[in-house]
Amino acid sequence: QTAALREVTMALDWTLNTNHIGLVVAKEKGFYADAGLAVDLLPYSDTSSTALLAAGIADFAYLTSLGFMGAKAGGADIVALWATMQHETGRLVYNSDNTAITRPADLTGKTYAGFGSNWEAALIGTMIENDGGDATYDTVTLGTGAYEALAAGAVDFTLEVATWEGVNGTLLGRKQSSFAYSDYGIPDQQNGYIGARSETLAQAPDLVAAFMQATQAGYVWAADHPKEAARLLIATGDFPNPALVEGSLDMIAAGGYLRDGDTAVGSIDPERFEKMATFLFDTNVLTGAGGVPLEWPGTVSDWYDQSWMGQ
Amino acid sequence: MLELRGLTITTPARAIVRDLTLTLRADEVTALIGPSGCGKTSVLKWLSGILAPPLQATGTLFLDAAPITCPHPVLAYQPQQDALFPWLTIAQNAALGLEIAGLSRSAARARVAPLFGVFGLAGCEDHYPAQLSGGMRQRAAFLRTIVQDSQFVLLDEPFSALDAVTRLHMQAWLLARLAERPRGLLMVTHDLFEATGLADRILVMSASGAILRDIPVPIPPKHRSQAALATLRDTLKTLLTKDPFP
Amino acid sequence: MLELRGLTITTPARAIVRDLTLTLRADEVTALIGPSGCGKTSVLKWLSGILAPPLQATGTLFLDAAPITCPHPVLAYQPQQDALFPWLTIAQNAALGLEIAGLSRSAARARVAPLFGVFGLAGCEDHYPAQLSGGMRQRAAFLRTIVQDSQFVLLDEPFSALDAVTRLHMQAWLLARLAERPRGLLMVTHDLFEATGLADRILVMSASGAILRDIPVPIPPKHRSQAALATLRDTLKTLLTKDPFP
Amino acid sequence: MLARCLPALVLAALVLAVWEVSCAALALSPLILPPPSGVATALFVNRSEIARHAVATLMVAGLGFSLSIGFAWVTSVALYFAPLARRALMPLFVVSQTVPLVALAPLMILWFGFGLLPKVLLVILVTFFPILLSLLSGYRQTPPAFVDLLVSMGASRWTVFWRACLPAARAACLAGLRISATYAFVATIFAEYAGARRGLGIYILMAKNNFRADLVLAAVALSALLTLALLGLIHLVDRASQRGPQERRDA
Amino acid sequence: MLARCLPALVLAALVLAVWEVSCAALALSPLILPPPSGVATALFVNRSEIARHAVATLMVAGLGFSLSIGFAWVTSVALYFAPLARRALMPLFVVSQTVPLVALAPLMILWFGFGLLPKVLLVILVTFFPILLSLLSGYRQTPPAFVDLLVSMGASRWTVFWRACLPAARAACLAGLRISATYAFVATIFAEYAGARRGLGIYILMAKNNFRADLVLAAVALSALLTLALLGLIHLVDRASQRGPQERRDA
């Protein structure tokens, strides 16, 4: 490769984990370099990846589903290009020895370790109410400290990513149980969007296509070679517990999270996308400037764009 | 009668004062004079019980032949400058010594109250030191010292911060106070003319911290005109300047 | 000959000095004496061009009948205390005035170098002020002032921080320097006896900032024994203390 | 008074005006930099919500700062009377100031839960040392003549401390309080950031996560105001505790 | 020298020993509180990795602190000669100190990107004011007699400043440097936390999210060491720049 590589930055939603596997694979196996790109995976920091993307600090960003929807509703000119996880990986988790919790309705009056976004309240509140409970509970915003707090019994429940914290809990022998969102009236959704600014998409469609196709190749390879992918990821990051990475990738592969039937890896399902958006508007999670709930825009089909796949 | 015997004061480096012996009469003004750094302040501090490390001292003090330890109520010390506490009123400053000695606030205040007139401080009871002139501050400091009613008073350069006029006034005033109630006064001064004007006895210290001369001043205060003191002063001046250039 | 006419100095609250007029001869020592706060320092500061707000002044200064503005090289000012810069060596301190006047560092140094002997500072060139005794510091300050070679020198209580012995030494030393090279000296002092011992003329300022008396001292310095000065001193003492208690 | 503040007010107004105009001129996204008018509006619209969080912050900061003052005072007295303890403890206190709180705060939450304790501890950790240091330096600045005088009157060490050192340290102590007060709210918000139920720190975190830079800046402005109010309070305490007409030590 | 440090060293050893023993005795999970030996081991095992991050932090802190000193000095000179600017700017500088950085840092990253700029700006924001303040107070403490003397010699305002105010402010300036130095690394780590490619802040964040309290504490210890080294450096500068045998102003 003699031609100068084009520098591209990518912001992450959380510390490097198996959700990002395709990015690491594409980088390590030279898919990006083959596409003429030098991709810089920005370390996770206190500034959310969505904000980094919207502000133009990063060219692309890995976004939590709610991070994306919230910013989009707030007027950020960004667009989703990809959905990593074809099924919801998040779930509500609590300690099994906490006998006071058997169903979401029992969460009334309990303590929740949160991450500080509006969406959590809507999610949990809806789950409790749909289960016939009263959606009053105590929120302690702990961010990354939530999982240790739960393990220590300092809080009653939190939200986790099953393929990461869930696997970690199992490996550490933590007795934890969980509720699936979709069992309690939350529409099933895809998660782990990769987004770009609309402006980038408009001005450099080639770049977007090159980046996304290499990324897709990375995720495809990871889905096909979970063991090797695990090795690659362990080699790049500081993972105190390699078994976590291996177990997580096994679970992702076995659970069909990356590859859903015969749809292309990373494709966004318009139906589920719109359902989730509708849910968020209906529960007043999405608010605009001044904090007023937003009007349903009629359609959200322009919130995502997978035209790069066709090229 | 106060007798100091064999006082030696040392710094870690050297002895400042060596085997000094002196006697103070209960009704006599003694001036202590000598070159800077010869140890005058140190002697006064030892007598007041406030000589602090790194200075070390040995010596014995006798009150009417009985050994005493310092600080002792028979001795009142007045530091260089006036050392009035700026956050206390003049009345509170004046009552300080009595309160420390164990009197209640009101009892101390009552003891001090009648004296403001004589000290030229009537009406200033509730002023703060910063509101007074240098002379008034000095008188307030005297009031604080005097009200403790110690037989012996140690003064370290009491007038050095005052201007010529105020200094002359204060000297006359101090003599008047002593005439009313005689005390043993040991006064350090750098002012030759103050020493000759006030003291009954002048002790000249040498740079090596010994008493070089003990000069009585036999003229009663009211007869000390410039002419009467001229010879004494010439003697002192010759005595003090005969050492080589410092 | 330096003539100051109609100097008025005011604070926002009051006039300190009012319409003051005085004349300084180029070879005469003039002592300025008066109660604290009467404005002596302020007059010297105005002459040196350093009177700072909130003090305001009007007045004119004539050098041999020609009006001049201050600061002016013909006048050198030496502040109260020695004001030696602690971060400069004695040689650097002494050369300061020359450097400010535009001489190069080495030229200034060369001009100062031969004078250390006469000033009793030989060997101290590279010492820092903190390493010298009070008298040596005072002489270093004099060296810095004198080396500027101004015809008139303004001294504000030059010896007030010195002990009795050093003070006597320094007075004699200053007279010797003046005998070598006469200058016009205006010296503020609080020490009656210093004034009578050094000055050819004593100006007594009143508390209201006017020249109360202009007293010539017709006795040549070497004949000023205690006895010879006795009457003059009695006069001054009476003059200064006749005002009521300050 | 007004005339003294005028240049600062004019400059502040100018800064805000330039900010407002350039937001409009550059058509900056309010996600990135909202104009001051937007911040003011956000503050006004969400005032009750912000106030609820501000009250929580105020409580923690108030409790932490008060305890800090108390501890600093007690420690300063102890260290004044025990030079050995002073030499042993002061270096450790210095080291404690060099610890990056950003790393420690989450651990403290783990150790002490998310009640008042870790937050109050963090506020103390941040504000304790400047007060202690200025108290000790204040005691040291006691004119020795005052001490000598009291000792010569037969006063005990404690009396000397109480009557001379403590009043002499007043000005230095207030200077230390001013420094610490500047950090009291900042430290509280910081501690809340690592884990809390309520407080401006949580509010800022949520506003950030919901991409509401206007609310972030509104909370920032409020916390700056709270700090300025605390500094104002200290100024009043200074005035009220002043004995005599300006006890200047440089007179 | 050693004897002076002994009490502190003994106490530090004692604290570490108690910590170590109680970790073992209470069987504390190293996830929550690792023993000092664990921290030391972690520091040693990961030394090359940690060093790589520490170098990044060192660069940012060094650059930021140097610029801060430079700016503070230039500003102090400007403000010394322009009292109006002083009255206009100082209140704004005070307000700048009351802003909770925890809220500002992410915004700064959004405004200025992932490069050096926002981090250096944050370090300057934190360290600039104490230096400026102490320089200005140092200038103000110039004995008026020095100024008078120079003016009476015909010196210009600039000469007076250069020859009297600046040397007179040396001690005050170093005191300010000491305060600021305490915060230089903490501020850098803080800024890195909000966004950086490398640095101890990033390392701590990573360690924390990987539940490696031992690595967090190792990085904390290292950053404390860096701060102490900077303080030591300032001490050396102090010694080297000292003219004459202890120019004490309280003599």
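As written, the chains take the letters A, B, C, D and E, and residue 1 is the first residue of each chain.
One rule holds for everything that comes next: a contact is a pair of C-beta atoms (placed from the backbone, for glycine too) under 8 Å apart; a residue touches a chain by one contact, two chains touch by 3 or more.
Because the structure is a prediction, the values reported are computed rather than measured.
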- Message: Touching both chain A and chain E, which chains are there?
- Response: D
- Interface numbering overlap (same over half, different under half) for chain D and chain E: same
- Which chain pair shows the largest tally of C-beta contacts? D-E
- For chain D paired with chain E, centre-to-centre distance based on mean C-alpha positions, whole Å: 18
- Interchain centroid distance [CA atoms averaged], chain A/chain B, Å: 85
- Separation of the C-alpha centres, chain B versus chain D, in whole Å, is 48
- So, in whole Å, the Cα centroid of chain C is separated from that of chain D by 50
- Where chain A touches two or more other chains at once, the residues are 48, 51, 55, 144, 148, 152
- Quick one: which residues in chain D touch 2 or more of the other chains? 32, 106, 110, 208
- Pull out all the chain pairs that touch, please. A-D, A-E, B-C, B-D, C-E, D-E
- Which residues of chain E touch chain D in the complex? 4-5, 7-8, 10-12, 15, 32-33, 84-85, 87-92, 94-95, 97-104, 106-107, 110-111, 182, 185-186, 189-190, 193, 200-201, 204, 208, 213, 216-217, 219-220, 223-224, 227-228, 231
- Message: Taking the touch rule as given, give the residues of chain E at its contact with chain A in the complex, in rising order.
- Response: 31-32, 49, 105-106, 109-111, 113-114, 192-198, 202, 205-212
- Residue positions on chain E within touch of chain C in the complex are 143, 145-155, 159, 163-164, 167, 170, 243-248, 251
- Item | List of chain C residues in touch with chain B within their complex | 33-36, 120, 133-135, 162-169, 172-173, 189-193, 225-227, 229-231, 233-234, 237, 240-241, 243, 245-246
- Can you list the chain B residues touching chain D in their complex? 45, 48-50, 71, 73, 75-81, 83, 85-89, 96-97, 100-101, 128-131, 148
